[in-house]
Amino acid sequence: MKLIIAVIRPERLEAVQEELQKVLDEDDNYRITVDAVEGHGAQHGEVELFRGQAVRPRMIPKTRIMVGVNDKYVEPTVQAILRAARTESGGAVGDGKIFVTPLDECIRIRTGERGGGAI
Amino acid sequence: MQGTVQATIDSGSTAWMLTSSALVLLMVPGLALFYGGMVRKKNVLATMMHSFIAMAVIGVQWVLWGYCLSFGSSHGGVIGFDASLLGLSGVPHTRLFGDKGIPELVFVMFQGKFAIITPALISGAIAERMKLRSYLVFIVLWSTLVYCPLAHWVWASDGWLFKLGVLDFAGGTVVHIAAGFSALVLAILLGPRRDHRPGGGHAIVPNNLAFTLTGAGLLWFGWFGFNAGSAVAVEAPVSGAVAGLAFTTTQAAAAAAALTWMLVERLHQGKATSVGFASGIVAGLVAITPAAGHVLPVNALALGVVAALVCYVAVQQKNKTKLDDSLDAFAVHGVGGVVGAVLVGVLCFTPVAGVLQGSFAQLGKQLVGVGVSIGYCALMTLALGLLVKKLFGLRVTEQTERDGLDIAVHGERGYHLES
Amino acid sequence: MQGTVQATIDSGSTAWMLTSSALVLLMVPGLALFYGGMVRKKNVLATMMHSFIAMAVIGVQWVLWGYCLSFGSSHGGVIGFDASLLGLSGVPHTRLFGDKGIPELVFVMFQGKFAIITPALISGAIAERMKLRSYLVFIVLWSTLVYCPLAHWVWASDGWLFKLGVLDFAGGTVVHIAAGFSALVLAILLGPRRDHRPGGGHAIVPNNLAFTLTGAGLLWFGWFGFNAGSAVAVEAPVSGAVAGLAFTTTQAAAAAAALTWMLVERLHQGKATSVGFASGIVAGLVAITPAAGHVLPVNALALGVVAALVCYVAVQQKNKTKLDDSLDAFAVHGVGGVVGAVLVGVLCFTPVAGVLQGSFAQLGKQLVGVGVSIGYCALMTLALGLLVKKLFGLRVTEQTERDGLDIAVHGERGYHLES
Amino acid sequence: MQGTVQATIDSGSTAWMLTSSALVLLMVPGLALFYGGMVRKKNVLATMMHSFIAMAVIGVQWVLWGYCLSFGSSHGGVIGFDASLLGLSGVPHTRLFGDKGIPELVFVMFQGKFAIITPALISGAIAERMKLRSYLVFIVLWSTLVYCPLAHWVWASDGWLFKLGVLDFAGGTVVHIAAGFSALVLAILLGPRRDHRPGGGHAIVPNNLAFTLTGAGLLWFGWFGFNAGSAVAVEAPVSGAVAGLAFTTTQAAAAAAALTWMLVERLHQGKATSVGFASGIVAGLVAITPAAGHVLPVNALALGVVAALVCYVAVQQKNKTKLDDSLDAFAVHGVGGVVGAVLVGVLCFTPVAGVLQGSFAQLGKQLVGVGVSIGYCALMTLALGLLVKKLFGLRVTEQTERDGLDIAVHGERGYHLES
Amino acid sequence: MKLIIAVIRPERLEAVQEELQKVLDEDDNYRITVDAVEGHGAQHGEVELFRGQAVRPRMIPKTRIMVGVNDKYVEPTVQAILRAARTESGGAVGDGKIFVTPLDECIRIRTGERGGGAI
Amino acid sequence: MKLIIAVIRPERLEAVQEELQKVLDEDDNYRITVDAVEGHGAQHGEVELFRGQAVRPRMIPKTRIMVGVNDKYVEPTVQAILRAARTESGGAVGDGKIFVTPLDECIRIRTGERGGGAI
């Protein structure tokens, strides 16, 4: 089992969810957890003006998704994210990153079930 | 005050003055929103409280001795005083104010709202770092020793600047120049916020610009009371021709200035910001204040345009310095007040003629009024600021500034939106 | 009502009463912000809606039968009724109100706003847990069976308390004691919120105190209409000396109370909170309400100080109990209303003398008025509360309370600030 | 206008008209909050700015030529013009308006606020996607070529619809039908937002419904100036019987409509939303606008009920189409305006009798007025919209729409609440 | 050492904290980091109404907790979360999930301490 | 590769970013993802007052940073965080913690690149 953590552009979340739905489950019940984060990287944020001065934000709003998957779903999930999160016309700075980390155990709280079936 | 005394109450004038007094009071929450929206989230309450506290403390001071010093019998044109006015004990509610057909208490209230908002305006320059106790003591002293005398000089019928013929319809000198230049001095005494950087930076972002716009809207609304209510000084019935003129010029100047700021900013910076638009509104309102009952509507448009241009440049210039006039109290109220107070001398047509009509005399008087106000306010603020610094210190601790004044000083957070 | 009838309209009085009516209406959104800011995020809309719903439902009820019951021809001083007043069908718009030179419809409207805000005040005690349907039915019943009779007793010229000589200038008994004590009873009937803990706790934090401050500002503003408009009962022109007095005392009491609360809280708790400041404003306004046209400005300052002290203690005491008067409707309106209604008897100088001037008679009358109001409102609220409980239940389900009423009852969330 | 000219100022009427003008101005920030709360967080400032910008640009336009075209000497009942009214240069501040005892400048200002709010209403249909420059140009053209002529036709004493006898007390045709149907056309020209889905969807959620409720409260408050101030057209003193009637019917219709909407929505959808309640308020206010001084209070209740029902259905129907009238400017103002303008002909009792009293003549005239307004506004908006599209394009880029207009167009974000 | 990441119902946080306190420390100083997230899974969100239309939120508000624990505390922690986060009467859809991931190192910033003692 | 997750005081973020910039990249393009969290530990939060009562927040606002790094950068990154996040004068309760977890894979969304080069 792996825990996949991806940082993407907020406006891409919808597309990513649609792709994940395709690979993770035939019906709507693919599982995912999302939060809003701020990132710093090669991309520079939109300059804001405040009281006549440019304010250059250090950080850019990003969306982070966390998906726990069984091993055979790792590659499809990564591919789905890549497909949907990449800016049209070949990707642009700021598209983000996918991290795959090991997952030792997964427990469904409702039932107490463990392991692959609980994902 | 002047002229024959009208023996009976005029219900229409009184209705308008009651309304105007209420409108001016509403400017204080309006200012709280305007300023409160522009600071960081951690200081939203502390900043709003600066305005609200002025309602309370100057509200009390005005009844106890403020009105007495401003509008009591004149001592040499320099200060007012009547023992009977302390606590308003000698003002029967049936006594009328001069020949204006309104109860004197209503005049007291109308003027009291001006006394409240003026120190609140100053608070824009000291946001996010001044000690609460020092602010409180400072504004009481300032109102007593700066505002009251100045109001007496300019507005009391025996005040020396009034007698000199300086025109200040609704407070270009008494309110805006006074607040703006005092703000400048106090901001210098305090020093900049720890995150302040000339030319911008990352750290200081406004928490809620919807509040700032709403506040600007309330200010515009309340300003009609401020300016059109000030016809009380010149005409009976108060709700008459001059009030109508002042209402019109107020509207015209605010609209023209907001439009101008927006267009200039768009040209100069590529974007038209809401903060810029709101600053334009305020700049126009400030500049028309001394002129409201003295100029034609079309000239009010011109005044608004000029005020926006000059204040825009003032903000830009200030941004290059280390001066941390946090919410532009100086660049808008101080500079805008000067623009208005000087241009009265150019544009006025009633009750005296200005430069436009070939007479330069009034302009000279206006310059005197402006100079005196600036000098007096700056010096006194310096003295009072140093005194308060000596007594209590002016700035919060570095830790408090970092944590935010809301939690450190007020024990609260503005928002709990997490869950 | 009393005296000779003035045959023609007085445009100034009418202007002021139109303005006052509008100002009192604005207090309702002001109250919505004041209360709405203090609840948890998940209940901000539901809490605001309590106030707004009163505008709608009492707005309709007042036209249909509320005015009729309150100000129709008196039946034994106990209740008003005129078939012709149902739906206001028998009030031609050209008919004047007594000798006050204003259209009767304007008086109807002014009084109607009081009828609206009173049940809305109650909603502060039942926030975050009452069923919407029950609230709606309760306030219609309460307004009809509690507010209308009480208004008749105290304000109609044939009402028995009015004839007894009880003074209530703008609603110390009819509005604030009525709302405050009914709030107390209803809060007891409802029981505390599931997260309520005597002495504080972790869970209940206000979502937006900037709203609360803004609401307090709007309340202060609107209260000028509330109090100074109430001169309609005693003087023509309405916008005259008594209105000016009431305006002044309102301002003085609010300022003094806010300042007092701030200082006391700073001494007692180490911090001066914005919620405390806002509570001080409201406590001062509440307490001056019955007294506004009857006391001197300097005594209004004193009244404000006392009101703040007493209400502060009331809030502290209540905090030690299990009573969940969620937003202090009782501790501020109930207690503050009593302070004001009693102190009128001490401080009044017009139209009758109070204790300060050596006469104890009025104080006795005030105590009767206070006692009767408390008793009647508490008993009736108990009865109506139990009735509604029987019919629909009073509380939302535990699940709804946990999820928040906004989503569960209104199908909405107050904010969507995530993205 | 009509009748004998009163030589002197009436201070009460003037007081009320000054107040009313200020109240109508406050509706603009109120509208900004109402609309601003309903868009997504990324567009809150851009949406509020639509309203604020109207204050600035139409504020200037009205002084320069708007008043002249609307209320200058009539040319064939079709358009007004007087060179002396350009820039108001030929309106001495001492000149009175007709026989109403108020300065003409006050009338100019009152009317000017109507001219400001009308295009601001349109902005509800084009939220979150229109180019700023195009909006600015469009509203100047629209105000000049649509609003001014229509105001002339309906309200100037020589206007052809006025002479025909069409009743429009405070702007059912000139303001609401004009804004609503122009909004419809413009929304069609612009096309829907990229995330718009007929029948709902996930993506479009309101950022701050507490703002929306507060805005509705400010609108209700300001509307008293709008409607009761419009007595200026028919009666002296202005603050008299008709003003009182208009105030009363305004209150009654708003309350009844809000209550109706709430109940209907609860029955139909299972929940009573705050947005629905606010829409009910506005629908009631819109529908009573043309009728305010012409119908009985109890009929105003009925009018409110009908308006809420019809507008509710209109919103539901619209939701099934692809039309993206983003904030229901058409379904509420357009449809509600028609309801009100038609029902005047049914319910009016003064100055002429309607269907209820057996006379069908007025209803016919109302239908003409409604038809003409709809036709003229729709056609002209189509023409102007296409012109502006040709000149600058109507829509922002897809990228800007996605990122939000606040950051892309104004270089700002509404909130910084993170830390 | 493990890093335990659990997604739970927001209204269960208080209960979870109380249970964790019991197993992780006798006094109040159990250590935990919490953030607000949004989740998508089998559970469907409360429908909202907006301008007369149902808006079906794609995501449901959830709370995420992160606890770093030494190995012998893993099972007690998981059990504590299961006890407190499960809806009464046997669990309900949307109760959430517990992920256990390996933790290589843990450093207390205050002291620079490393490993099990720093947790 | 490791995924470093640190919980720090919000007011230290700026300093941490400056230090990270020094060790992770000569120019401005060090990469980091940040979010706001709430923590519970030895430190007690600022008491708030509400309606005359002390409200003791269970949780304290903290900032969490997440950095994916290649192995040789782990120690420099940890050291940089320690230097910048520790309160002057030797650390104070509440300074926070650094967690180092294994990272199996890292993919740059823009290019699809994998592994160390994509970090």
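Chains here go by letter, A, B, C, D, E and F, matching the order in which they are written, and residues are numbered from 1 within each.
Here is the rule we use: a contact is a pair of C-beta atoms (placed from the backbone, for glycine too) under 8 Å apart; a residue touches a chain by one contact, two chains touch by 3 or more.
Predicted model only: the values in this text are computed from it and were never measured.
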| item | value |
| --- | --- |
| Same-residue or different-residue interface between subunit A and subunit E, half as cut-off | different |
| Pair in A-D, A-B or B-F that repeats C-F, with over half of contact pairs matching by residue number | A-B |
| CA centroid of subunit B to CA centroid of subunit E, Å | 52 |
| Centre-of-Cα separation between subunit E and subunit C, whole angstrom | 45 |
| Length of the line joining the C-alpha centres of subunit C and subunit D, rounded to whole Å | 33 |
| Touching two or more other chains - residues of subunit B | 10-13, 15-16, 19, 205-206, 208, 269, 271, 273, 275, 410-413, 415, 417-419 |
| For subunit A, residues contacting two or more additional chains | 14, 35-36, 38, 48-50, 58, 101-102 |
| Residue ranges of subunit E in contact with subunit D within the complex | 48-58 |
| Complex contacts: residues of subunit A adjacent to subunit F | 2, 5-8, 35-42, 58-59, 62, 64, 78, 81-82, 85-87, 91-102 |
| In the complex with subunit A, residue positions of subunit F that touch it | 3, 14, 17, 29-35, 66, 68, 101-112, 118 |
| For the subunit B and subunit F complex, residues of the former touching the latter | 203, 402-403, 407-408, 410-413, 418 |
| List of subunit B residues in touch with subunit C within their complex | 9-16, 18-19, 21-22, 25-26, 28-29, 32-33, 36, 44-45, 48-49, 52-53, 55-60, 63-64, 87-89, 91, 93-94, 102-103, 105-106, 108-109, 112, 132, 208, 211, 409-419 |
